[in-house]
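In this document, chain identifiers A, B, C, D and E correspond to the written order of the chains, with residue numbering beginning at 1 in each.
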Amino acid sequence: MNDWPLLSTIIFLPLLGALLLTLIRGQDKDVALAAKATALWVAMSTFLLTLVLWYAFDPRQEGFQFAESSVWIAESGIGYRVGVDGISLFFVVLASFLTVLCILASWRSVAKRVRDFMAAFLVLESLSLGAFLATDTVLFYLFFEGVLLPMFYIIGVWGGERRIYAAFKFFLYTLLGSLLMLLSILSLTWIGGTTSFSELMQTEFSPALQKILWLGFFASFAVKTPMWPFHTWLPDAHVEAPTAGSVMLAGLLLKMGGYGFLRFCLPILPDASQFYAPLVFVLSAIAVVYASLVALVQTDIKKLIAYSSVAHMGFVTAGLFADNAQALSGAVMQMISHGLVSAALFLCVGILYERAKTRDIGAFRAVVQPMPVYARLTMVFMLASIGLPGTSGFVGEILTLLGVFRASPATAWVLALGMILGAGYMLHLYRRVFFGASEAKPAALYDLHLRENVILTSLVLPVLWIGLYPMPFLRIVALPLAPILGAAAP
Amino acid sequence: MSESVSSALQTFLPVGLPHYVLLSSALFVIGMLGLFLNRRHVIVVLMAIELLFLAASMNFIAFSTATGDLTGQVFALFILATAAAEVTVGLAILVVYYRNRASIAIDDISALKG
Amino acid sequence: MLVPFSPFQLTEGLVFFAFATAITLCALGVVVVRNPVHAVLLMVAAFFSSAALFVMQGAEFLGLLLIIVYVGAIAVLFLFVVMMLDIRFVVTTRSRRKHVPLAVVVAGLLLAEFAAVVMLDTTRSQQQVAKPSPPRPLLDNTTELGLLVYSDYLVIFEIAGLLLLLAMLGAIVLTHRKREGVARQNIAEQLDRKEKARLVKVDSKGGV
Amino acid sequence: MLAAIPLLPLFAALIVGLSSRRIGDALALFVTCLFMLVATVIALQLCFSVVVQDTEKTIVLAPWFSLGSFEVAWAMRIDTLSAVMMAVVCLVSTLVHIYSAGYMRGDASLPRFMAYLSLFTFFMLALVSADNLLQMFFGWEGVGLASYLLIGYWHHKESAARAGVKAFLVNRIGDFGFVLGICATYAMFDTLVFSEIFARVPEVLGREFSVFGWKIEAVTAICLLLFAGAMGKSAQLGLHIWLPDAMEGPTPVSALIHAATMVTAGVFMLCRMSGLFEYSEDALAIITCLGAATALFAATVAVVQNDLKRVIAYSTCSQLGYMILAVGLSAYGAAMFHLTTHAFFKALLFLAAGSLIHALSGEQDMRKMGGLRAMVPLTYLLFWVGVLALAGIPILSGFYSKDIIIEAAWTSHTIVGLFAFVLANLGVFLTACYSTRMLVMSFHHSPRFDEKVMTHVHEAPPVMSIPLLLLACGAIGSGFLLKEMFVGNGSEAFWGGSLFVEDYHTALLDAHHAPRWVKSLPLFLAVLGIAFGLLCYQIFTTLPARLARFFRPLYRFLCEQWYIDALYRLLFVKSAFALARLLWQGGDMKTIDAFGPDGFSAVVRWLGGRFRLLQSGYVYHYVFAVVTGVVLLGAFAVIRNL
Amino acid sequence: MSEVLAALWFSLGVELVLACATLLLLLLGLLLPERNSARLVCYLSILLLVALAALLLWSRQDWRFSNESFSSEPAVTAVASLIDRHFRLDAFALFGKVLILLTTACVLVIGQVFVRHEAVSKSLYRFEYVIVVLLATLGMCLMVSAQSLLALYVGLELQSLALYICAAFQRDNLRSSEAGLKYFMLGALSSALLLFGCSLLYGSVGAIDFASISSASLSGESSLMLQVGMVLTLSAIAFKISAVPFHMWTPDVYEGAPSSTVAFLATAAKVAALALLMRLLVEAFLPLSEAWQPILALLALASMLLGALATLPQSNLKRFVAYSAITHIGILLIGFATATPEGMRAVLFYLSIYMTMTLGLFAVLLAMRNAGQPSERLYDLSGLSHTDPKAALALSVLMFSMAGLPPFAGFFAKFYIFLEALRSDLAWLALCGVVASVVSAFYYIRIVKVMYFDEPQEQVTLRGRSNRWILYGAAVAVVVLTLSPSWLLQQSEQAVRVLFAL
């Protein structure tokens, strides 16, 4: 490609859009419409840019592509370094894709302060894109923690009843984790002498030091993924966040945890990762079984899906630390598929909530009669969430299981157990909501109209595509994982 | 004089630097006591502060005569000046406080707390 | 082997101890006595004795200055304020007494620290600084001080001046009250040429 | 062109499924049945060409996973085993498609039903033609999904929806074993393609797995895990609880899925993996025991069932036991032979029962039937053919396939074989009993249903009776026609490379010259069973009631399916929910949250309050704090210097 | 002649000009009519301060500044020797003075709208107030460039006395006089402590200028008297910056004193005290670093934790600022505890950013009107995002930056402090810093929550156009400093290099 700074445009275009929104004048109603329109245009153009990036991405080239680097703070060698490689490419595409869907999904559901809502989303997108594209530890940290602000704002203003509690819990929990990570990043900068990823990967750190630094990173990414003991903020945040907020929370923020492990813990601190691998296995195994069981008895659909996300991310973390090619690519694929599937499930719940104004499972019976198309689409996403072969969920799960079995058979057993429990709570949910006989014809439940149909179908296509023909994704993901494995070899 | 008396004197008599420093420390401690021991008037606090300043200047003078150079005494001179300025401002504030509160008992100064 | 004491050292010791006990007792009195007027007087006594000590040590300028400034100005100021604000004698109730032992303990610790400093260090600092005692000052203490203040410490002197100005300004700003109904002399007005009271040259014939 | 076989049903399903509302019933039926017919023709032609010209080949359609050493592709492996299975599946599926045109005539969303049927057929064909374990697993789960959709087709019925979920979950428990088997295979063999697995078996023989400390021989572990998957799918003892409930679905579904095709997927998988199973003696032993136990268990329960379809369901379960038993004895040919014949006569029985239920407008309880001999003579006749084939009467197919298995059990000369032989024979007797009981209760004596139903009783329309007739021919003919090829001395050439039998496993070869009494014992027991059945239900109709009262506890025990279902519900379902609630309230709310975020913030807030009170407002407290500060720091300096 | 002037300027120029100007303004104030004397004097003094700061910055480039080689005329050497013993204008002093002058100018600007409000104007809206503030600034400038204990003491006294007067300036209000009285009593105690400390130092060293103290503490094992003297001096200065055991006065004085004084106290006074502490620690006591490092670490730990915890229940905005200031001082003390040039650079960097943020916060505090009356309640800000969106956005930017969240300059300030703490293996202190910043993040974000999530109060308005400009200026500065923090880093780098005489 010519020397156009593609990555910086991708990062700062949404930010520009957000600023543009603030300039809109006029009275309330048409400001809202104009805001929504501009936001959609900006999101679409960002998405197109990411597609261009995907098209122009050369899977055979090693290291970071489209890398840009300029001096930011000369004294301590911190630079604005940005680059994309196999791992971060799909998260970037996912981010922009989900933002477009979120803006579309909240076209009618958000009534008050529409302009702020759209601006917050564009800022959120810009910061998360920055986090995935940054190849400088400090820049990464800047975007990684910056994401908290718009999310806090979104949950806090447009959330449910206990939104303040949920927003604060989410914010402070993640902040504590990421501040501990800051200490590790600082030590890395100071001992390693540099803040750019590629150089840090080469530097050797003493195993004892690695163990301490690793804990710092673990604190932050365990809260973010979320791993088992640190997950209690997720259900609250999801239940209280608006639909679009939950989509972004599940689609993007959870990925940053896994992405962080991939960027920091595995390549830069290989010995510590190997040392702590059993711990991560145990936590992931507990996460899968614990979250699946708890999801069984939930009465709020969103909370159920939140716990299912915890179970899915349990797979991811186990895969990441299983130290072989299949497990790593499985984890990345699982993250991408979870991004798509859980985002879709939250959109489905959002559609139901928009109509029936409640998320309690007991309130729905035989929804399949009034909404057959919706029922069929939700079925597809439910099956993907269970990991039925032919859907993206399966690709991630089977690769992770193959890899983890090789590393530790016991963990693989428990993870496979998660498959059963996953089917358990999902089918239990589906039966209680969609099936059964109900005389009362609830007027509110009307089937999908065009906008919702477009959103859900545009999510079904990638889910099935990855499920049936994952080659283009695996080819791109496999390459950057090789050095990580190389590094981890004793 | 008996042996014991002179030996006793021996330890105390040649009045040198330690005596003065000890005295000024004692004065300093008494000033401190005056600050947080008394529960009566603010005036006593001001006086205790004056004692503290006196202790400091005595210490300076003791060191200055011991070492022989005059900087200590110059310092004591300036302590004098600032102490005077302090007292004026202190009493001015006290008077203003008295006009507002009509009492200068230490226990009444607790409108601001928490 | 006893070092014989020169009569001078003997008297010096006696005088020092006399004044030292006086100072400590007066200081304790200031802190403990209930009636504020007594406290002020005890403070004055304390200042007198310390002035004496200063003179004994050879800093006679400062000793006298102490008397003039502290005793003359500050103590009088205290007396003036004590008189002005009608201070009721507050009886310290039993409950307030319970904190005394703790306070004494802390004060004792502070004194112990200073004593440790004194014991360990003054002897050493004396040897340390036992360079030949400087030549007896040719000039007396005051002139030497004057020379020093106006040469090395001139800037500090100026700043001290500003400090006193600030104190005055503060006192006036805080306490000065313009009270109406008080006959006040307005010099400017007195000197002002008023229309009706001016000297008119009347031509001798016309009469007033 | 061969790829068309699985893809045709898929296209049919997509066409009909996606346009479910706009496409009429007739067009939907036409599209699905046409595509199935074409697929069957190709499958039969393929089967003929494979058997005759012996053309074994693998067709790669598209790459699926390729990640360094891990290569898996969408591929079709054509050999005798898969050809035979494809033929059977296509045949039965087409007949069921045609049959359901009549049976489901008045249904609200017929296109959806037909789409699901075609979807099921696609998944089954994908499973059968799989060239690697992963694609087989794709078909495996797909078939599970299709059965869930079809069982829960009438989703307004609460019990149907629950049965669907139950079926999917129990299958999923089986799949748990299957997936772990796949992972273990990959861990050991570094590949999932069958040909490479069988090639690398000698290298892996010695290796072991250490799971939680104790060691287990690798090949046995893999076999047992794969067998767990087969158990789940073929409803063996332990994971059979979903089969009876699956009868909630429409009868064509039961016929196709729960008799002919899906349940046999487990047996097919075991035969396909014979190359691996042959090397693990104790795995084969376990398989034999389980097969025999299931055969007996299912037969005993079937005797006391009152619902017509449940009786047939348990009989399927029992026959599956026989097939698994055959596999255990490494008589894979016999297992496939029984599978094929069973597909025909069991489908026949189900569809006949279906037309019976159709006639009685939905009545399934045998106690409310009777006296239909005159009214529906054709169904009655076909029912007889089915029952006799099931019981194992000579000229019919059942006799050939079941007896060869019993003989093989005897000639395997192992304790396990003997145990299987005894149980199998008991099973034969019981099978005969319940099949005749079923026949008599539903057709003989006087009608026990009310007038309103009587008016609607009618013979099955042609669109239903033609498939029945075809199946009847299959049930009769398939026995002696296929005996030579499947198990006879020609079977070596017939199966070729697809079935691998260790040379010292000669159970099947010796079966032909088993002692006379061994050959005739099952026939004798069958006749005895039929006689006993007629005795109890035709002649002394009060005898069964008295017997039931006399053996009251045994009768209760059998009615409750040996209390396995109740046990599972208590052991797994209730405890899972209880544990879940405990983990949620206790775990998340009280412990993690209480000690984690909420606890921490409460402590911080309390401390904040405490520190705020420290600020008392009195100056002497402040001075005291300053002085203590100075004293502490001073003491620190002094101590440092001592 | 110009040589002497230059020599004068390059040693105490700023203070001299400031002193003379203050006296002139005092006279001017007396002569002008009552009504507009305060306004005119205030504008003139703001002009004066800004001009001085500009002059200082301009004189940086002048060669004489860097290598201090004055010509050898007798008059010049006399002047130089006269002043150089007590005061020196080096890069560090310049950094401190510019910061102080600019902050004071801003404080006067944002104070105007508060002082002119009818509730307080009778006692506050007078020209003497500005004069006292100017004298305080003079004291601070002296403190910053002090070279000897006496200079330090006199500068400190001048500043403290002026601040006592400012605190008690609102004569007719009990809370102000009580604040003044408390501040006076504890301030006097701290001056006494300082004096006694200095006397002990003088006793053990024999001279009062920092250079000789440093050489004395270098030679031989440092005597106990020197260390106790140091401890006393440090605790006196710890009182001035309100580190924990000596912080008790801050909340009461901040709550009682008039808001414009509190702004002055919280910004300029802190800068001066911290600059003084740095100069003392580096120029006088650096050889004793393993003696005072643990002390400062303890102070830092106590200040951070107590400050963070005690701020939670506060609902009065001024008390809130007091306690949160203690937390920030705790974090600054971590920088001091490292005792390395980079640590001190991080402190100066943090300090300048902290000043901008506090000025922005006070701009809002002084402009808040609840139904016309100046209000200090934190919950009066609720729903500001509806009534005054731009100010709400600017204030939330400042709050996020105060909490140290990344996209704003506060993050980089904490970044460097923690980096230096880790570099001189004070990891445990950095860990406590992290815990404290999480708790502090809570109460800063609570303000944002109050502004954005709560229902608006109609009667709360922000008046004062200049306050609004200062607020926006602070918010923009915080964002700009994130994008390009290097120029501020270089300034602090040079200031510190001179101090350590590298």
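By definition in this document, a residue touches a chain if its C-beta (ideal position, glycine included) is under 8 Å from a C-beta of that chain, and two chains touch if they have at least 3 such contacts.
The shown structure was predicted, so the numbers you read here are calculated from the model rather than taken from an experiment.
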Count of contact steps on the shortest path from chain B to chain D = 1
Task = Please state, in steps, how far chain D lies from chain A along the shortest route of touching chains.
result = 1
Request  = Give me the chains shared as neighbours by chain A and chain C.
outcome  = D, E
Task = Can you figure out the chain closest to the middle, judged by Cα centres?
result = A
Query = Which chain pair racks up the highest number of C-beta contacts?
reply = B-C
Request  = Tell me which chain's centre, taken as the mean of its C-alpha atoms, is farthest from chain E.
outcome  = D
Ask   = Which chain is most remote from chain A in terms of Cα centres?
value = C
Query = Using the average of all C-alpha atoms in each chain as its centre, how far is it in Å between chain C and chain D?
reply = 105
Remark   = Between the Cα centroids of chain D and chain E the separation in whole angstrom comes to 80
Message = Taking the mean of the C-alpha atoms as each chain's centre, how many Å separate chain B from chain E?
response = 29
Query = What is the distance, in whole Å, between the centres of chain A and chain B, each centre taken as the mean of its C-alpha atoms?
reply = 68
Note = Note: chain E residues in touch with at least two other chains are 150, 154, 157, 161, 164-165, 168, 171, 182, 185, 189, 200, 203, 206, 224, 228, 251-252, 442
Shared-contact residues (touching 2 or more other chains) in chain D = 601, 612, 615, 617, 619, 621, 623-624, 627-628, 630, 634, 638, 641
Message = Touching at least two other chains at once: which residues of chain A meet that condition?
response = 172
Ask   = Who touches whom among the chains?
value = A-D, A-E, B-C, B-D, B-E, C-D, C-E, D-E
Request  = Spell out the residues on chain D that touch chain B in their complex, using ranges where they run on.
outcome  = 612-613, 615-621, 623-624, 627
Note = Per the touch rule above, chain E residues touching chain B in the complex are 149-150, 153-154, 157, 161, 164-165, 168, 171-175, 177-182, 184-185, 188-189, 191-192, 195-196, 198-200, 202-203, 206-208, 251-253, 255-256, 319
Task = Write out the stretch or stretches of chain E touching chain D in their complex.
result = 182, 185-186, 189-190, 193, 224, 227-228, 230-232, 234-235, 238-239, 245-246, 248-249, 251-252, 291, 294-295, 306, 309-314, 439, 442
Query = Once bound in the complex, which stretches of chain D touch chain C?
reply = 624, 627-628, 630-631, 634-635, 638, 641
Request  = Spell out the part of chain B that touches chain E in their complex, as residue ranges.
outcome  = 21, 24, 28, 31, 35, 42, 45-46, 49, 52-53, 55-57, 59-60, 62-63, 66-67, 69, 71-72, 74-75, 78-79, 82, 85-86, 89-90, 92-94, 96-97, 99-101, 109, 111-114
